[in-house]
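Next up: the structures, one after another.
What follows is a pair of complexes built around chain A, which joins chain B in one and chain C in the other.
Right, the complex of A and B next:
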């Protein structure tokens, strides 16, 4: 009898435990919410870059001079400055030339939407029209025109010296080297393990290049957060840059997006997402800040773009003149600001 | 045509449907140098290519060894040894991922979505146990599956689950499989992975609800043999069906059954069928009528299931993020919800129009209408076939391990006196 009672009790206990476990499991399943619909993520998951946007005033070495030049463009893509300090802005199937005080000097009509622009040594212009290169003389008359070797090319930057024209192709991740007649005579930046070239990484279509007075081509490798120097034959000579949200590094997935060379060989870089225009010396050491969100009017909203689509088309371009003045084109608000060292 | 030859073309078709993909890292992630501490991911990080190859090699080796231990060596101790190794390797070291059970989601998505490339290692993990089952029975469940191993080692006081309850609860597994395929095929969710009750232990990480589910399942497993395997595991269901036609299978006795009845209660999973007695004539006639009625009712079950699935599809579709977001946005716009969620915040920031979102959601709901109807019809068929199965008189002359239900754990060997004679003979040569 006693044994039977014991068995009955243990059976009852097991049944109780089982019912409790099943009930707990079912309730937990019904209450579980893995979709994030009912509860927001905790603050640790919030993407807040405010703290990184604040720049130590001591680091800001430049101040804006003159009024902000408001252009009448609907879309802008590139800025360049010539030896006389005239400002060239490309967009809306044209190039507008401004004086330093913001007056329009002339307009040059193009047949298609320009994607990049460079000032030629002879006073002319070289324009990239997605997959086409167009050479213009100083008054803006077309002197030559040719297509990039690949049909899907997207030319995002042009650089030139006496004999060569270099065009950065963001889709094919390569810099095409042309002679002045438009013949392809080489490629730069293409991945080549034998030559110790890691290749260009371009997550969003920003790929800027500039020819330096030392004869080496400076190239942004945005996915690797680097600025690299190549010979015209395509040998990688040196590079600098590091990824960091800290002021001395390049933030986000892919920065800097554009850069310009200063007369002393230094670099002016601009970043998208977290808007920062900064100066580095010729060896790549951080020198100071030209402008941050505060100086560029991007405090509210803080970010220039929110979605990948926006970040692919909205950003900043930068140019520098022979006196070291820095010209910043805001492609979102279509204006130009000029900064001078304090 | 022999059964295996019939199964091979189906298997080849499945493999062709699921074309594997090889992935590479596209660009290096940025290195942030701040005081921000990166969160530990809750899912395992991708493994290197050679480690994935090693995983597949270990899987093949474990399946081969398990098959040998179960069918030739007939050693429960050795099976437990291998089970513990696989628990450590596939469970704790590989943190339960990829497992063939969760791979059902990947394979379903790969079949129904041409844009999704299935990693080759997932294909290997999904198909290898199926191939081994086709030849050797459920040896994967016996010693290789880490989920089975966890339940096996905590089984301390097994209770007998009544036959009717076992059959009814198994329908839950069919429902789970149907929903898992539906949600994966519509690119909504991988629910098998999301609600894996043992992965919390393997990763020492889960949300509170999942911990409760995991611990509950473990507590149940102390008294009910392998409850997840028997009543929930969708992969186990597939293996059950393949096990029915396997070339070799577990036998309780190594040679002949002497009807000693010692093995009758040896299986804690209710997978031993007893010899049958002839039904009385009256019972036989009754069973025949019932069978006829059920066969006639089968189309009604299917139609009912299809209708139920169709009726439930708007609710099921809410599992898809687009449908749920569209519902949320609509209610936020109507002022029903005052607060926004992270998802609706992201939607408003994207610049996408509400009409676009509603169109996307409507298209997805259409997919669910078709999918849920098929799943419902399938459940009706399964329920009807289960009833039919129990209305058929199956002849058995000896105690047998079920072809489908036996997980090849080897517990019954030691209950069979013929097994000891066989062992003795083996020793003496």
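Right, the complex of A and C next:
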């Protein structure tokens, strides 16, 4: 009898130990986190700027018109709009021209990856191909081509008027001024203390320029969070902008990355990091928001590294037409959205 | 008088020579095997910066009391920004080294003036705990020049790395011990 009781007790003990082991295993499994979302670090160790990223809906002054134009590009670099409202998207060694409703009108093969694009006054196009400028007529036939003066140039934006072609070189932190035959006739934005020019600061390869109807070149100085105005001779006339994650400022190390001019002289700006496209008046006063993450189809308000793809993501480019419609190219999703003032 | 058959003598010689060839071959093979074993590749744990999302698990899951994972800096990729988002809190009161303006909770990043408006940022590894807060700040707005790596002067090279188990993006992998770092900007 005693022997049987002893066997029974030892069996009970083994069962108890087994149950304990299984329970411990289940608890350990449930507590283990492999999602990365429940990190044991306190808030002081985590990076959170969601509070700054939220946009007051009352500040959103635009609404999307039409369907989002999904392009078939693998890489997109620039968007432009001509006087007839045709949309030009550059990437994948070509330019695709879309109608406002998203139909492809034509494709122009380039033979190299475009880095920037501008519509010429005569209906043609001027394309930057890293260190080369290529002029195309309206059907897309090359009419001129020349290299930037520096071999390591990276042309990120092109602007033009009747006599000049300006090309922003992000590596050399200067805007090259060419005549229409490709001869260098000047430089804009280079640091020059005698002329009170502080110089362009470009921490990442975003350097955008646009020629305004008043004859002054508008230039983004992203590392200084400024938009500046220069004469074609390179004199710095005025500037505006301030660094802030607040909605009225330019966030992060180096913003805005791209901008466009509105018919009233105002500015549309795009930022990287925080997903927001905003409008400023001609004097640089904040007017409102064109689109935030909701309007641009981003679930998260930030482009902080939530996934490895986002870590290497690029930003937006923007264009505006003569009616004040705003065209936003999402270089990550490779789509175009058109916004109109409400 | 010996009257051995020359065929027998030749056969014996053949067997004797064959024996020694076999012995020497076996010795050479054994030596080669020992040498090959000595040269067998060693592998260590490393964090792939292309997959890392700086979730913070590196700081808390390492078996060491202070993680073997540290922030490192790819200077070739750095913009040397005045407003470095890996160094400053999102809305700093001023762009200076005051503690209230610094993002790093342990003050492990040193800011040094280079020339207007550029600053250099260096990591003090004695203070870095590998939380990745600066990495997120840098990659959100900047060039992603700050990133995390397993430092092999600290790593115990556990058979099963506790951080690798917890890593949500499978960023931990075994790499050749002769090239133990996966550096950005190379």
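The rule is short, and it goes like this: the second predicted complex is superposed on the first by the 286 of 342 C-alpha atoms of A that agree within 3 Å, B and C clash if a C-alpha of one lies under 4 Å from a C-alpha of the other, contacts with A are read in each partner's own complex, and residues count from 1 in each chain.
Just so we're on the same page, a contact is a pair of C-beta atoms (placed from the backbone, for glycine too) under 8 Å apart; a residue touches a chain by one contact, two chains touch by 3 or more.
Predicted model only: the values in this text are computed from it and were never measured.
K.L.:
Touching A:245, do we find chain B (first), chain C (second), both, or neither?
P.N.:
both
K.L.:
Contact-wise, after the overlay, does A:19 reach chain B, chain C, both or neither (first, second, both, neither)?
P.N.:
It touches nothing on chain B or chain C.
K.L.:
When the two structures are overlaid on chain A, which partner does A:272 contact: first (chain B), second (chain C), both, or neither?
P.N.:
second
K.L.:
Tell me the contact category for A:224 with respect to chain B and chain C: first, second, both or neither.
P.N.:
Both partners, chain B and chain C.
K.L.:
Looking at the overlay, does A:201 come into contact with chain B only (first), chain C only (second), both, or neither?
P.N.:
Both: A:201 reaches chain B and chain C.
K.L.:
Name the contact category of A:112: first (chain B only), second (chain C only), both, or neither.
P.N.:
After superposition on chain A, A:112 lies in contact with neither partner.
K.L.:
Check chain A for residues that touch chain B in one structure and chain C in the other, and list them.
P.N.:
Residues common to the chain A contacts of chain C and of chain B are 32-37, 40-41, 44-45, 52, 201, 203, 223-225, 243-246, 251-254, 306-307, listed in rising order.
K.L.:
Quick one: in the complex, what on chain B touches chain A?
P.N.:
Interface residues on chain B, with respect to chain A: 26-28, 30-34, 39, 157, 159, 194-195, 207-210, 212-213, 215-217, 219-220, 223-224, 319, 321, 324, 328, 341-343, 349-351.
K.L.:
Which residues of chain A touch chain B in their complex?
P.N.:
14, 17-18, 20-22, 24-25, 27-29, 31-38, 40-41, 44-45, 52, 201, 203, 223-225, 242-246, 249, 251-254, 306-307, 309-310
K.L.:
Hey, which residues of chain A end up touching chain C in the complex?
P.N.:
32-37, 39-41, 44-47, 49, 52, 201-204, 223-225, 243-246, 251-255, 272-273, 302-308, 311-312
K.L.:
Chain A touches which residues of chain C in the complex?
P.N.:
50-57, 59-60, 79-85, 90-91, 103, 105, 117, 129, 131, 133, 135-137, 139-144, 165-169
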